[in-house]
Structures are given as structure tokens and as C-alpha cells.
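Here the structure is laid out as C-alpha cells; the discussion comes afterwards.
Letters A, B, C and D mark the chains in the order given here, with residues in each chain numbered from 1 onward.
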Amino acid sequence: MERAPRFAADLAHLPTSAHGPRATTWWGTLGFILIEATGFALAAAAYFYLMGQTETWPPGQSPPDWLWGTLQLVLMLASLWPNWWTDRVAHADDLRKVRIGLVAMSAVGLLTLVVRAFEFGALNCRWDDNAYGSMVWVLLGLHATHLITDVGDTLVLTVLMFTKHVEPRRFTDVTDNCVYWNFVVAAWVPLWALLYVVPRVV
Amino acid sequence: MSSPCRRSVSLAVLAVLALAACDREEREPRGAPVGESGPQAIAQGSLYAGEPSPPDPRRQEYEGNAYHLAQGKQLYVWFNCNGCHSNGGGDIGPPLMDDTWIYGDSLENIFATIVQGRPNGMPSFRNKIPETQIWEIAAYVRSMSGQTPTAASPGRNDSLNAKPAEQRAPKAEPKQSNPGGPQVEGRQ
Amino acid sequence: MSPRDASPFIRRDGPALEEVETYARLERTWATPPGLWGWLSSVDHKQVGRRYIVTAFVFFLLAGLLALAMRMQLAGPEQTLLTPDRYNQIFTMHGTTMMFLFAVPVMEAFAIYLVPLMVGTRAIAFPRLNAFSYWVYLAGGVMLWVAFILNVGPDVGWFSYVPLAGPQFSPGKRTDFWAQMITFTEVAALAVAVEIIVTVFKQRAPGMSLNRIPLFVWGQLVTSFMVVFAMPAVMVSSSMLIMDRLIGTHFFNPAEGGDALLWQHLFWFFGHPEVYIIFLPATGFVSSILPTFARRPIFGYTALVLALVATGFLGFGLWVHHMFVTGLPHLGNSFYTAASMAIAVPSGIQIFCWLATLWDGRPRFATPLLFVIGFIVIFVLGGLSGIMLASVPIDSQVHDTYFVVAHFHYVLIGGAVFPLFGAVYYWFPKFTGRMLSERAGAWNFGLFFVGFNLAFFPMHILGLIGMPRRVYSYPAGLGWDDLNLLATAGATILAAGVLVFLGNVWHSLKYGLVADDNPWGAATLEWATTSPPPSFNFVHIPVVTGSNPLWEEPDGLPVVGGLRVDQRELLLTSVVDAEPEVREPSPEPSIWPLLSATAVTILFIGSIFTPWAVVWGSIPLAVGLIGWFWPKSAPDTPEPVID
Amino acid sequence: MTARLAAPSPSPAGRGRDPCAALGEAKLRLPPAQALLARKAWEGEGKVFPRNLALTLPLCGPLPLPPGAGEGAAPWRRAALALCPLALSACQGIQSALDPAGHQSGRIAGLWWLFLAVLAAIYALVLVLLLIAAFRSRRRRSLPPGPAFRPEEPTERRLTRGLTAWAVGTAAIVLTLTGFSYAVDRDILALGHRAELTIEVTAKQWWWQVKYDDPVPNRSFETANEIRLPVGVPVRVVLKSQDVIHSFWVPNLHGKTDLIPGRVNETVIVADREGRYRGQCAEFCGFQHANMALDVVAMPREQFDAWRESQLAPASAPSDDRSREGQRVFLTSACVMCHTVRGTTAASRVGPDLTHVAARPSLAAGTLPYSKGNLAGWIADPQRIKPGSQMPVVDLSADQLQSVLAYLDGLK
């Protein structure tokens, strides 16, 4: 460092937080979504693979009751709107509305967990009955894990938004959380079809 | 594992773990070769249910050992124990996965039952099954009612799912039935 | 930092701030706190990277010792040095350790250390996640080895085929430890992959547009994407395995609708890309070392990048060639033959570009270049035997024989370990500030090269004359004796080479020549800072004007100013053109990654013994994660906008 | 390289009095107390005895075994062998993919030599280029570090043309090789349509159960660890597994095919010349994966038919007192829990069928060549010879062992 540096530009004017693809957390969230989506896709592939190995599907039992699963689907699709709204107000850094949105999303998330519990209860099989049962439990369990982590994340964020720690970066966290919720919903649509529609169609 | 033991407590703990794990995971080839094995030690014994007997040193070797239990499970089918006792639920012979033990629940009792046979249908397998294998079968029989360490008990088999695997079997508190009660038979 | 009125005192680098003061302030801001606590809570990518490298090399040595044990057992027919039980554990541990605890982590380790330096940023993206990944990796590796020492080492091969690895035929906890080790290392690998992707996408120095990214970074980027798509497969399959073993699911039980081949499909969907996950970073080493020592820019930059990307894609289309003899339909197999052979085209392009660089260059034969030349000699042979393996009929003969053992050691040692050793010699001055001995380096290379070929070339023939893999013993009289003895002799020479390497490292750390910033006269950004680099990497973020910045700007790189020096701050740039976009804060050191990793460890190991560990273990984990992400201080002062 | 496992054809030792059997008997005729000492003595120098010693003994099978290689070599092979004298010396053997004795292995070996020739040429080219590239400018090595120069436009253009040619060439070669590979694959598969005989092979940890099927049910029979087949007749082999995945591989005849529990696979083998070949499990299957071999004996049609008839017969009745005593011991001891001897009450299917055990070339799935002495060692201490195998030590006195040996050795 003997020579004096040649300054080509001064970047002091740049913002210190950003939403969406301009921020690293957005890309990080996207990366983990990719990983988990691959996991879902492979589990689904395994489901189809095992289905191809068996004459009847589900083997020796009727398809699962689809009341709770479908209710879950409706609930999740409906939650997309408050999620979108929360995302929008977080982009606008509107703290009051973000708080409302997060409280609403936390409530929705907890509700989906309750529905998921009923869903498990209504399944037509145990995980140790046969390969079909194992597959169904794993798919549902995998998605439930995502629900739990995202609801947990939402709850923590909600609490955070009522503390002194509110700063522009927190709004970025909220938007990332919204992106992730969209993924959880998007993952449920094909999984729902796999669990409740495919056994009725084949 | 012994020399590091002295050095520090943590390594001593590790060593203890090692011993426990060694026992549980050892895969010992079975039996001493012809000419080196003694006469069958317990074959002539007359053990009856309820009588206290000192625990055989082989208890830990077989009951706590995953490999022996798995072998016992395999032999249970190969030697057609399931022909009478089914998967432990009992059929012609009494159930093995419940809490009732007609001839005693200890490993030695079960060993003796297999070697000597019992009235009302249980044949004697003396000289028919090598002693080491009988120990394995006896230990496996105990795993059916959850009497063996779950970390060693067998998992499910690659066969039709008849009941949860031994490692998930609820542990039954052994109950001795009437010591003189060989009349108990079948599903009772 | 407190109240609002502090804002006028915010310090930024730039012409207004003295260089000496900039340096001092950056050091105060970025340095890892001293002491054990500081060591445990470090989030510096260079420290974490160094730990990763050292740990991975320890595992390399351990697995190498196992290899020697196997070679001793096989030196002659019917030896009884090892019992079959011990031998099976040893070869399983060798493969598992080399693949999961050495090869993948060491490549990641170099990425963790070098990628931020090469793209010209102050820190890796998500540094706490990075620290967390190291602890998780360490815990997984230690767990596996402790299990092995306690005679609970896995004994079913690194591929753990069911039903042999299933609940019926693998009693006890041995395979459970294997499956959980997978979970540990995959969590770590996936975390690092995301960090690398984000670092490369968002944190490149201004001006480093996509077509100026160093090839090493390209290699790591493609690798990280492969990790993202491949590793979930083995996570899914190992979870299925452990559930089959512990809670009685039936994924692989044919009697209840499961299937043994499902395991193989899932495992190889990961397992084949895994080879490229190891190999592509190594091509990055080669593409870094070659131009430096050939002393001309790499030939065919675009072709090399396209070859990397093509390999990344094709790597996912070949997994069935590990399953040619399982009785799958032959027409499908032929498709995989074609796909497997197609990968020869990008590999061939890479080889040509390297040869051309050397051809047109003015090479200087330092140790790193020797290893690269060794790489070409060995790897090309391994690649060519790979073409044989891609053919269904030939594979049906040599599959699961020593021919395959020879092939993949040529590909993995030749293709990854040789470049890796070259990379160690090349970047050692940057890592430590000292040069490795060139003379010992030449010995290291010579012993390594001769020993390797002596050990592994005979195995080609062994496989062709009928010796299967994974045998603890073999009968005399089948013509295998002499070749096996030769292989064992080669293995000892190889081991001697490793000893020379260790001696060289040890000696150089103490007495080695002190290295200056750019001892090799290389062209990439990591050589623009001191050796070893300061905690903040660069005093000022450099501006990149070409693919070989240090060669194109011999008078020093232009830089940008305006980043805070009193707070950890990174410069984010746009994905394609690397235009400055945002100044983003970077996290402080934290103990929470270690605590979270401990919670994860308790959860994973506990779940081997009871499924309830997943439920109860998630509570400390949740606490750990909340503690990790919970902001520690009052919010930063909103900065006044400066025009 | 000599295959000690494969005895030279008209082995004088193999005929008439069986030396190994004599050895075994001599040792075993000792009183019980000395049996132990005798066994210890066999172990010699702390090595595992029975197997080590056994392998140095000539094969004590009843079969005339023609020497392996050479005669029917195709022209391509002769040419290739001439190219590669080094490899040649190692190619031959009873378990070698490069010493083909069947149509398929021949085609595969041919394909392999073709690949080898093409790929070796490419390798040589790369090495030559590398050498030139490395040394063409050596004289300038004393230059300082740093970039030597900027690439020149014409050189770049030349190299780019070279790269294009290289890529196109690679693609063309690879495509051609794929074509050849595909053609050989089709050709090999076509053989399946001509199969005349069906064998069902079931793999178990760690041995092979072999069943010769026949449309007439009572003309089916079972054997273990050996397959005999008529020369020139394609044989369909149905492959099943009872426990874990194994792989059926007889390199001199054909590539391998896995045996997978829950699935049924098929392969076809054909032997073009007489001889004894060795097959071995090629998929890791646990403790004794290393000792899970089988013998494949290709014989003229008439001999095969005669063998088949002999196998159909139940076990020969014991001829002397000793053997009769042996049979009694066999049928009242643990042996009967696992083994079948057709014509007796022993009918368990856990272990190998022993009806004609003494007529087989090897013992314990190819672990030992068959001889009475080896049989004695195997029964006396199976866990030393094959640790972890399912054969337990049976509690027999040395005298009982003698009798059982006499009985089993009579099961030709």
C-alpha cells in the first residue's frame, strides 16, 4: 500500500438497505427455497416411483379423506392475499400496517397448524403400515415442518416489530418472510394433489 | 481404549461408552471349534420358574448385543419357531410378546425351555440347535416383549408388517404364572 | 454507536481519511475479538475457511490411514490382519470420510476462504451461517469417528445400499450413525452453497461483470448450484433409511410396497453430481494456477465457463450408469450411455484449453504447476477409463470390480487431490504469509505421482481379471497376488509423499520464506491484498477493469470509497454487471451459531436413539435460532443521505 | 500366472486315491483328545489353516478340467494381444473378463479392446501435446514472475480453430464408441431368444442356491454353489435374492447382473468351450462377500445329461457302518436343522442342499476346493474359515465328526 489509492467513485450515497433482489437475504431465501423445493420434488418423485411399483394405489385401502386437506388448501390460498398485502406495506416501510399484517399472518399460520393436526388425524394409514403410508406421512410431515418453521419465523418477526428493534432492515425481513410463505403455499398445491387427488384418479 | 482413560475424565467417559457400545455392536463369530467346546453347560440343569438363579454371564453378551438379537430373529424363522408361536402373538404355542411367562422370563429360563422342551407341545432342541444359537434365540424371545435394550433390539424386517418391530415393542412387566402350571397352554 | 446526533461522525473510507487511520479503524471494526470466546464466536470467513481446511485435512489423513490398513490386508492373499467385520467398517469409513468429510468440505473450505477475496469483498454472505456450518460439519465428522472408535462405525459401504443397510440386515446403530452423519454434512454443505451463490451474485467488486469472474469462482458457483440440487436427494434418502430403521416405515421393504432400487436412484441422483461437486472446484484450481505459471491469460475463458455449466447440467443426467447391472430396461441404459459419454466433450474442451494455455505460455515449473501437470496426466487417464464404464456391456464386466476402484481414484485423486495439493502450494503464502519449500514440494509431487500410479494402475488389470471390490480377502491362485502387492507398495510411497507434505507445511509455518502480497505474479484480486489478508480483506474495495485485473492494472487497481469504516459494511452490486447498488451491514461475531450447532448436534444424535429427540431437541434449537437472529443493539442511526 | 485353483487337466493326483481325503482321514482318525492337537497342528504358523493349506493342494474334484485359454481366440483378440503383451500375461484365468469363454464375454472383451485401442491413442496424443506444451519454451524459464506477454491475435485464432476441431473430434469419437457399445449390447441381448435351459439362482448370505427347472416337476432338482451347463447351449438364468442385493458374475462367460430382493432378474450365459470357470458375488453383501463364489462347469452335452440324471437321484445310501453311523449323527444333530439330503428326513432349506455335496468342485461357496480334509476343516471350525457365515460350530465329538465325514463324502 505504498501508493496512494486511486479513488474511482464515492459510494456514500448508496442506500443501506433494500428489498427484493437488491438485498442478500432475498437471494439467501431463494437459495433455501430452491433446496427445499428440490427436496419436495424428490419426495414427490419417490411417491410416483412407489406408485409405479404397486398394482393398486393406495394399496388395500381407500384414498384419504380430503376434507381437512382441502380446507387447508383453501385456507392457504386465501392467506395469499393478506400475505401480499403485508409484503406491499413492508415495501412501503409502513410500520403500523406491517404490524397488522404480521398479526394477521401469525393467526393464519397458527390456524393452518391446527388444520394440519386434524389432517394427520384424518389420514387413512399409519406410517408403518406400508410404503404408501410411509410416503404419505413423510410428504405431509415435510410440509408440516415448513409450516412450523415459517409460522415460528412469523411469530418472532411479529414480536420484533413491537419492540425497539424496528429499523429499515426489519422490513426487508418481513418481505423475505412473505416470499417464503408464498413458497409454502405453492408447495402445498401439488402436494395436496398428490395426497388427495392422485389416489382418486389412478 | 485403556491408556487414555487415565488421562482425563472425558476420555474415561468415552472409554465407558466404548465398552458399552463394543458390547452392543460386537459381531462375534459363533462358538468354539469342535474339540474345544465343553459339554452343554446348562443342558442338564433343571430350572423352574420362580426359583432365583444367579444371572448367567452370557446375559449381557446376548441380550445387549444387536447382532446376536438379529441373528436370533433370523433363526426364530429359520427353525420354524413361528410355526407355533407365530410372530410372538402365539398360535398353537403360547404368545411370547406378552407379560406372562409360564416357565420363567429370564434368559436362562428361556434357554432351558428351548433345550429341554416343555409339556404340551414344546419339543426339546437339545443337540438340535447349537448352544450359541439357542442363546441368540432366547435373547430374541425376550426382545419381543421389550426386555432388551432398545438400542440393540431388532428393527422391522423386510417382510409383511405383522406387528411393530421389537425395538418399538412396549416393555411388558414380566408376570410369573403358577410355577407348577405347565397346564397353561395356547392363548390364555 | 448511540444517538442520532452521532451521524456527523460516521466515518467512511475515501480521500478524506488518512490511509493509516482507515486501516486502523477497519481493523478495530472487523477484527475477531481475542481469546477463546472470540475464537468460538468468530465469523471471519478466513478463520472459518482455515478451520475447514485443517479439519478436512485431518479427516484426509485419518481416511488415508484406513486405506493403508486395507492395503496391508490385501497385500497378499488370505491375510488375517483384519477381520471381515473390521475390514467392512474400515472401507466404509474410508469412503464415507473421503467423500463427505474431506473432498466436499475441503473444496467448500477453499471457496469460503478465497471466493470473497477473489470477488473483492470484505466478508462472505451470511457469515454466521458460515460459522454454524463449520460447527455442524465438525460435529458430524467427530460423531462418526467417535462411533467408529467405539465399534459402532458403519459397515455397509459409503453407498449404504438397502436392504444390507436396512433394519433387518444391519442391526444396531452403526448405519444410523452413518445416516445422521449425512444429515450433518449436508446441512453444512447446503449452507455453504447458499453463501457462495449469494457472495458471487451480490458482492462482486464494481466492474466484475459476469464475463470477468475468475474461473475458480465460476467453478465454485456452478458447484454450489449442483450442491443445491443434488444434496437434497441424499438428505431425502438417508432420512428414509433412518426412518425405516427406527420407526418402521417401509420405503425400502418390497413386501410392503417399497423398493430397494428407490434407494439407488435417490442415492446416485446425488452420488453422481457429487463427483462433479468435487471435480469442478478442482478445475477452478487448475484454471487459477495455470495462467499464473504459464504466465499468459487462460486460453478459452468463455469455452471453459460454458464447459463448467454444461458439466453441471449433464452431471444430473448420468446417475443410472451406476445401476447398469440392476436389470433396468436396456433401452433406457443406452440413453445413459450416451449422456455419460457426452460429458467427455466439455471435459475434453477443458483439457484442450489448459494444454493450449501451457502451449502458448512461458511456463515456470514451480510446485503448483507440477501438480497441475500431474493432474492432467492422471485425470485424463481416469476420464478415458470412465468412457469404458459408460458403455453398458463393458460396465457389466467391470462394474464393482477393482477397475472401478482404479477409475474413480484416478478421477478423484488425479482430478481433485492433485489440483488441491497444487492449490495448497499456490495459496499457502496467501493463507499464512509464508512460502512452502519448493524443494520439498518437488519431492512431495514426485512421491505422490509415482506412488499413486503404482498403487492404482494395477487395479485396472485386477478388475479385468476378476477381482471384485469390497472384499476383505481373496484366494491365492487367481493371479491377483503380485498386482495387489504392487498396489500396496505404491500406497506406502503415496503415504511417504503425504508425510513430506506435512513436514513441509510444519517447517514452512515456522521457518518458511516470508511471502509478499503477490509472490507468483498472479492476476486475480486475492493477490491485491496483503499475505495473509487483514480481517477486512481490502482497505478499499477495488474496481475491476478486466478478467486479469492485476495484470491489466500494473500500477494498482482503482478503488471506490464511501464504505463505513466504523461499522461492518459490505458493498452489494448488481448480478450481471456488478454495478454498485447497496451498502449492507455485515453481522458481528456471535456465539449463537455455535450454540445453535450444539443444539442441532444434540437433536441429530439423540434422534438416533429415540424419535422423541426430534420433538424435545427442537426447543433448544429454536432458542438458539431466535438468539442468533435477535438484534443485539439499538437500531442503527438512520444515516443522512449524502449527495 | 498359474491358477492353482484350476487343477491341470489330467491331474494324476486328482484321480484314484484322493490325497487330501487321505490326509484328512489320517488326521481325523485320531482319538478325540488328540483331535484338538491335530487341528492346532494344521493351523501351522498361526495362519488360518484349512483354507491356506487347502488351496495349495490339488483340486480333488472328479472332473477332467481342460486348461483355460488360447485356442478359440478370435482374430481381433490375437491382434490386440499382440499389441499388448504386458497385459496379456495377466489376462488368462478362470475368473477373467479378458479370457472369454462365451459368446457374450467374447463380444464384450472385443469391445473393450477396441475402446482400449482408441482411448490409448487419445491418451498418447494428450501426453505428447502436454510434453511439447510444457517444454517448447523451457529456455525462457528464468523470466521473473508475472505476465509474460499478452496473447497474440493470430495465435488465439489458431488455438480457437484447434479447440473447435478438438471438440468436434471428441464428439465424433464418443458418438462412434456409443454406436459400437449399443451394437454389442443388442447382439448380446439377442442370445436370450435361443435359451434352451432355465436355471434359477437364488442368492443367500453367503452362498448360491441353484435350481434346475424342468417342465416335469419331479425332474427339477436343486444344488448349491455350482452350475453345470452344456457347451454351446445358451442357458437362461433367473436371478432372485432372499436377503440382500448380490450380483451374479462369471467373468469368463458374461458380465454381471444383480440379484435384488423383491425383484426377479434374468441373464443368459453360454459357454463356447469346455472348462471350469469361477464366478463371484460382485455386490457387497456383508461379512462374507469375499467368499461367495460359485463354480461354473461347461461340459459336453452327453456328460451334462449324465450329470443331470445323477443329480436327480436321491442321495446314495451309506455303504458301510461308519457311514451309517454318520447318517444317524447327521439326522439327529443340528445338521438337519438347516440342510437337505434328498431321500432322508433331512429336508430343511436354510442351508445348501447336500444331496450330492461330494460331487461338487468346492465347499462353502467356493471358499475351499472340495476334499474330505477340507470338509473336515469346514465342519470343525467354519467360523475360522469364513467368519460370520451362517454355518455354526456343531457340537460333535471327533468320532462323530469322522462318521459324518464318511457319510457326507459318500454323497457323490
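As a working rule, a contact is a pair of C-beta atoms (placed from the backbone, for glycine too) under 8 Å apart; a residue touches a chain by one contact, two chains touch by 3 or more.
Everything numeric in this text was worked out from a predicted model, so none of it was measured.
Of the two chain pairs considered here, C-D and B-C, the higher C-beta contact count falls to C-D. Mean C-alpha positions place subunit C and subunit D at a centre distance of 39 Å.
Subunit C has its Cα centroid 47 Å from the Cα centroid of subunit B.
Here the spacing of subunit A and subunit D, counted between their Cα centres, is 54 Å.
The centroid of the Cα atoms in subunit A and the matching centroid in subunit C are 30 Å apart. Multi-chain contact residues, meaning those touching two or more other chains, occur in subunit B at positions 27, 156, 158, 161, 164. Residue positions 261-262, 287, 387-388 of subunit D are each in touch with at least two other chains.
Within subunit A, residues 128-130 each touch two or more of the remaining chains.
The complete set of chain-chain contacts reads A-B, A-C, B-C, B-D, C-D.
On the side of subunit D, the complex with subunit C involves touching residues 1-6, 47-48, 51-52, 55-56, 87, 90-99, 104-105, 107-109, 111-112, 115-116, 119, 122-123, 126-127, 129-130, 132-134, 136-138, 140-141, 143-151, 155-156, 159-160, 162-163, 166-167, 170-171, 174-175, 177-178, 181-182, 184-185, 188-189, 205, 239, 243-245, 247, 249, 251, 254-258, 260-263, 265-266, 278, 280-291, 367, 387-388. Touching subunit B in their complex are the following residues of subunit D: 32, 35-36, 39, 261-262, 287, 332-334, 336-338, 348, 350, 379-381, 383-384, 387-388, 392-396, 398, 401.
Within the complex formed with subunit A, the subunit C residues making contact are 12, 14-15, 19, 23, 125-126, 190, 193-194, 197-198, 201-203, 206, 228-229, 231-233, 235-236, 239-240, 243-244, 247-251, 253, 256-259, 262, 265-266, 269, 539-540, 543, 555-563, 569, 571-572, 575, 580-585, 622, 626, 629-631, 634-636, 638-639, 641-643.
Residues 1, 3-18, 21-24, 27-28, 31-32, 34-36, 38-39, 42-43, 46, 49-50, 53-54, 59, 127-135, 137-138, 152, 156, 160, 164-169 of subunit A touch subunit C in their complex. Within the complex, the subunit B residues that touch subunit C are 1, 14, 17-18, 21-22, 24-27, 66-67, 69-70, 150-152, 154-161, 164-165, 167-168.
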